[in-house]
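In what comes next, chain A is part of two complexes: it sits with chain B in the first one and with chain C in the second one.
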Partner chain A sequence: MQTAWTLLPVTTLALRQFTGGRTARLVLLLSCLPALFAAIYAFRPSGIAPGEFLDGLFRELIVPTLAPIVVLLPATGAFGDELEDGTLPYLLMKPVSRLRLILGKFLAVLLVTIPSLLIGLALTTLIASRAPGSADLGALLLAMGAAAAMLAVLLAAVFLLVSLVIPRALLAGMVYVFAWESLLGRFLPGVRAISSREHALQIFDGILAGDAALATNAAVAMAVAAVVALALAVWRLRSMQVE
Partner chain B sequence: MGAAQGDYGEIFDRGYRHYAGPRLGQAHAIWALARYSMARAVGIRRPWTAKIIPALLYGAVAIPVAVAIGIRAFVPAFAFLDYASFFGAIFLLEGIFVALIAPEMLSSDRHDRLLPLYFSRPIGRTAYVVAKLLGTGLLTLSISLLPAVVLWLGNGLLAREPITAMREGLDDLGRIIVAGVLIAFYLGAIGLTISAFTSRRSVAVGVIVLGFVLTESLSFAISRALDGQGPLAPWVFAISPSRTIAGLVDSLFGVPGFGEHVPLTSAIGAIVVVIAICLAIMFAWYQRHD
Partner chain C sequence: MTDAAPFTANGHALPGLAPGEEPVIALRNVAKWYGEVVAVSDVSFGIGPGVTGLLGPNGAGKSTILNLMAGLLAPSAGTVRILDRPVRGNPAIYREIGFASEHEQLYPSLRGREFVRLNAILQKVADPDAATERAIDLVDMQEAAGRALRGYSKGMRQRIKVAAALVHDPRVLLLDEPLNGTDPVQRASLTALMRRLGEAGKTVVVSSHVLSEVERFAHNILVIVNGKLAAAGDYRAIRERMDTRDHIVRIRCSDPRRLAAALVAEPVTTSVRMTGDGRMIVETPDARGFGLLLPEVARREGIRLYELQPVDESLASVFSYLVGK
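Moving on, here comes the complex of A and B:
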């Protein structure tokens, strides 16, 4: 209980930074963009069932590009903006351990991204369900939500770490998302084993097909990677030189 | 002191030394700001961490050109990379390059509160925007036009009779220059307009890259929904920079494009209109604010 209590100030501070600037609004706006695609689809479905459309949208647009960038914006900004503005030393001067700083910021990133992603997915599903065609969209929404949330957890942890190591972490993240996951993932199948996208899609497929083992394995792998990244971030924050 | 004292409307002469050198004028001020902005954007005279990503991007563009010329040197008959597929291949790199330099041009000045300093000097609001646009356009040319010209030179010099080959290839060179210049200023204007609205470099980077990707999917989705009907259907491509550039390159080099064909005039028209809109937004924005 006491841990949660001391996390709170850091988290509320970070949340205020996100809502005060443009980041939180931008994250929500971007998360709701798939609804625009759903509206175009609902306007003229051309014989594609809603379930099929949502499946394609999730695989081709949301998981590869949209969700990573939605997570990258606050995750690289949480410490990156403080470094850029030179306000990190004031934060580090407070009697709060480095672990709690990292966990507090991490929690704030998740509190901004996961609700936004879920709202966007729900809105998209709702609009797409206006098109004719029967399907159980509830299960699909659950699978999409779970996969997107796990992806947010993993990427938030990894890019908190990256933003502490290199400047312009967002640009590096873009290069990772587009170059590494898109291009190399296509040519080198081995890359897929360590690709965040493949793991998120395994959760999605696992829940949809009722294959609990597949989904759990992927979720555990992602959680372990997130914990390792957070531990490294704590170590980096302890040892880095901040002027 | 000083002969030029009459130029200053001073009530008291406090004995400060006045600038007595030549007055270089507005054009020189614009060029100085453009040159400084370009150097800053690619990380010249900045720590090495600022140089990594520009260097990687230049490397990524140079490698295919070098490989193409190398293959051409040993296997003359094998055309590894024609100009149209070159411009198609580097679109993603150009997009990332613009996302790298455009926020550096505008957002940093806003973030560091430099604008009042600039505007209290001979650089006015219009001149500031012109200088930044010039800098962005020229830098983007170095990644869109320069490699293509090098490829053209390589192809010409490696031909059996270089002089005739180059004379015959002159219209190819013209097409390369038109495509390179249009693409550079088109992407540069879009990137600058987005970065003019935020003081956070990272937010501008995100919006630019995501904008390029999302508008492409959006434009394909609308195309599919309209299914070629209605008066607006032929213009849906203009929503997306990547489709506009693909249309321009395909019709310019006469290559059968992916999907439907975009007439050359409408591709160029869309590009010019977008550049004009971006310029109008930026000029208006910088006149009114800050």
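Moving on, here comes the complex of A and C:
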């Protein structure tokens, strides 16, 4: 622990805040929520194959709604909570570049969200595989894991930025998740093209179909968008005024 | 004229500095406004080594000025420099600055020692463990340092914040109301610490709204009222200016009319008026002299004194007086 503090003080601090409060528990609980649906599916035979069930669950619940909320909680709290309670000067008034502060918090958000999402997906797949007609679900789990991890990377960067710009970032993020990703992103082609949901599903489909170009292009687009969001967050942290 | 020169942008000497003294902290024609609201208005002063009290009533703009010095706020006009370097947008300068904010909240899940050590690591101190123990010792927090911050009293939070601000041995220390919520023992200990730091050549700026408190640790004071610098310089000189104003005293006694008639004939009394509720209000330029005279007059006239209360000793009235000058 001492080494973690020494090497990654900002990340370790954020992780302690997440684990010391309710954030980490809530993230893990929400990530494992699909396992509950998988249990209902597995113990009440419906004639749907496990692969088909998991595909639907991932497309309709995990990517558009659940994963964004899982990322939203720690990402908006990482800076937002410190802005609210006045502890941010303890980080800002240090000879540490704003880039390192942003990257430290970003890493902490990823360390708490990606493992939770992967645990939730693995648990969900394991339970669903108990249903009759189960084929090898390894490839599906890999595709879901990669898409969810990339989605977490993009949304962590975006929500970190939002928390530095908007005072009620959690509320704004919720509106974004439900209005943009969950609702408009499904029906409006223009919105779909620039929604994180669409790109995450391209990674998912690309891996499952063996279409490396589709998956890579989507991953690169998401990575570029994440870098832009992080750069804007650094700029915002440099220029913002704190009391 | 260089930025290090002890002058304002207009070439006037920076208030708060002794003749020829170079400023460690220099604010030149600084203003801060939020839309139509002016929080700080054309403030210029210099601060040299030693303890300086930033004094003013609540809402006067002390915290805004400290936050401007700390680089947390950008001035709307003017410049803020510490050690002849800009603070805002210059993270490297924080190696030289320690800051304890007025906010009570700390990281609740951390222990006191972890919080101080975190500050040492972020300050890139060579031996964070040794620096942490030294800082904790300075504020007498060894016993409680292993406990979670969420269980700390207000006074303990203040002390651990000061430890965190001191952990990298900065040349400049900015403390926003550090004595708030401390008990008398903690207050005495922090006051002694601030004095020692000042004597060691550190530049310590301590904000407070309690006049008698500032007197204990700072010879040099800056008085802020309504976002303006009302007075700057030696505490005693300013205190003397305060003492030359008329003091107002409310008296309740067995025979107010008779006492009023007796007092009005005395040279230390400027005016006497009855309040209608059996009390009287007396104005005097010499509070000490009046304090000695009153019992004597009462005894001579056979009047019993029930109540003697100064009614204008609040900071607001003192500062209003200073601003009015």
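Throughout what follows, the second predicted complex is superposed on the first by the 233 of 243 C-alpha atoms of A that agree within 3 Å, B and C clash if a C-alpha of one lies under 4 Å from a C-alpha of the other, contacts with A are read in each partner's own complex, and residues count from 1 in each chain.
Definition applied: contacts are C-beta pairs under 8 Å (C-beta built on N, C-alpha and C of every residue); 3 or more make two chains touch, one makes a residue touch a chain.
A quick note: this is a predicted structure, and the numbers were derived from the prediction, not measured.
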{"item": "Room on chain A for both chain B and chain C (clash or fit)", "value": "fit"}
{"item": "Chain B versus chain C as contact partner of A:21, first or second or both or neither", "value": "both"}
{"item": "Superposition-derived angle with apex at the Cα centre of chain A and sides reaching chain B and chain C, degrees in steps of 10", "value": "70"}
{"item": "Touched partner set for A:131, first chain B, second chain C, both or neither", "value": "neither"}
{"item": "A:61 touches, of chain B and chain C: first, second, both or neither?", "value": "first"}
{"item": "Winner by number of chain A residues touched, once chain B and chain C are compared", "value": "B"}
{"item": "First, second, both or neither for A:89, with chain B first and chain C second", "value": "second"}
{"item": "Partner chain in contact with A:111 - chain B first, chain C second, else both or neither", "value": "neither"}
{"item": "Lowest C-alpha to C-alpha distance for chain C against chain B (Å)", "value": "10"}
{"item": "Footprint overlap on chain A, comparing chain B with chain C", "value": "21"}
{"item": "Footprint of chain C on chain A - complex, ascending", "value": "5-6, 9-10, 13, 16-17, 19-21, 85-87, 89-98, 238, 241-243"}
{"item": "Chain C - residues contacting chain A, complex", "value": "63-64, 67, 70-74, 89, 91-95, 97, 99, 101-103, 105-110, 114, 117-119, 121-124, 128, 164"}
{"item": "Footprint of chain B on chain A - complex, ascending", "value": "21-23, 26, 30, 33, 36-37, 40-41, 43-44, 46, 60-61, 65-66, 69, 72-73, 76-77, 80-81, 84, 166-172, 174-175, 178"}
{"item": "Complex contact set, residues of chain B against chain A", "value": "49-50, 53, 56, 92, 96, 99-100, 111, 198, 200-203, 205-207, 209-210, 213-214, 217-218, 221-222, 224-227"}
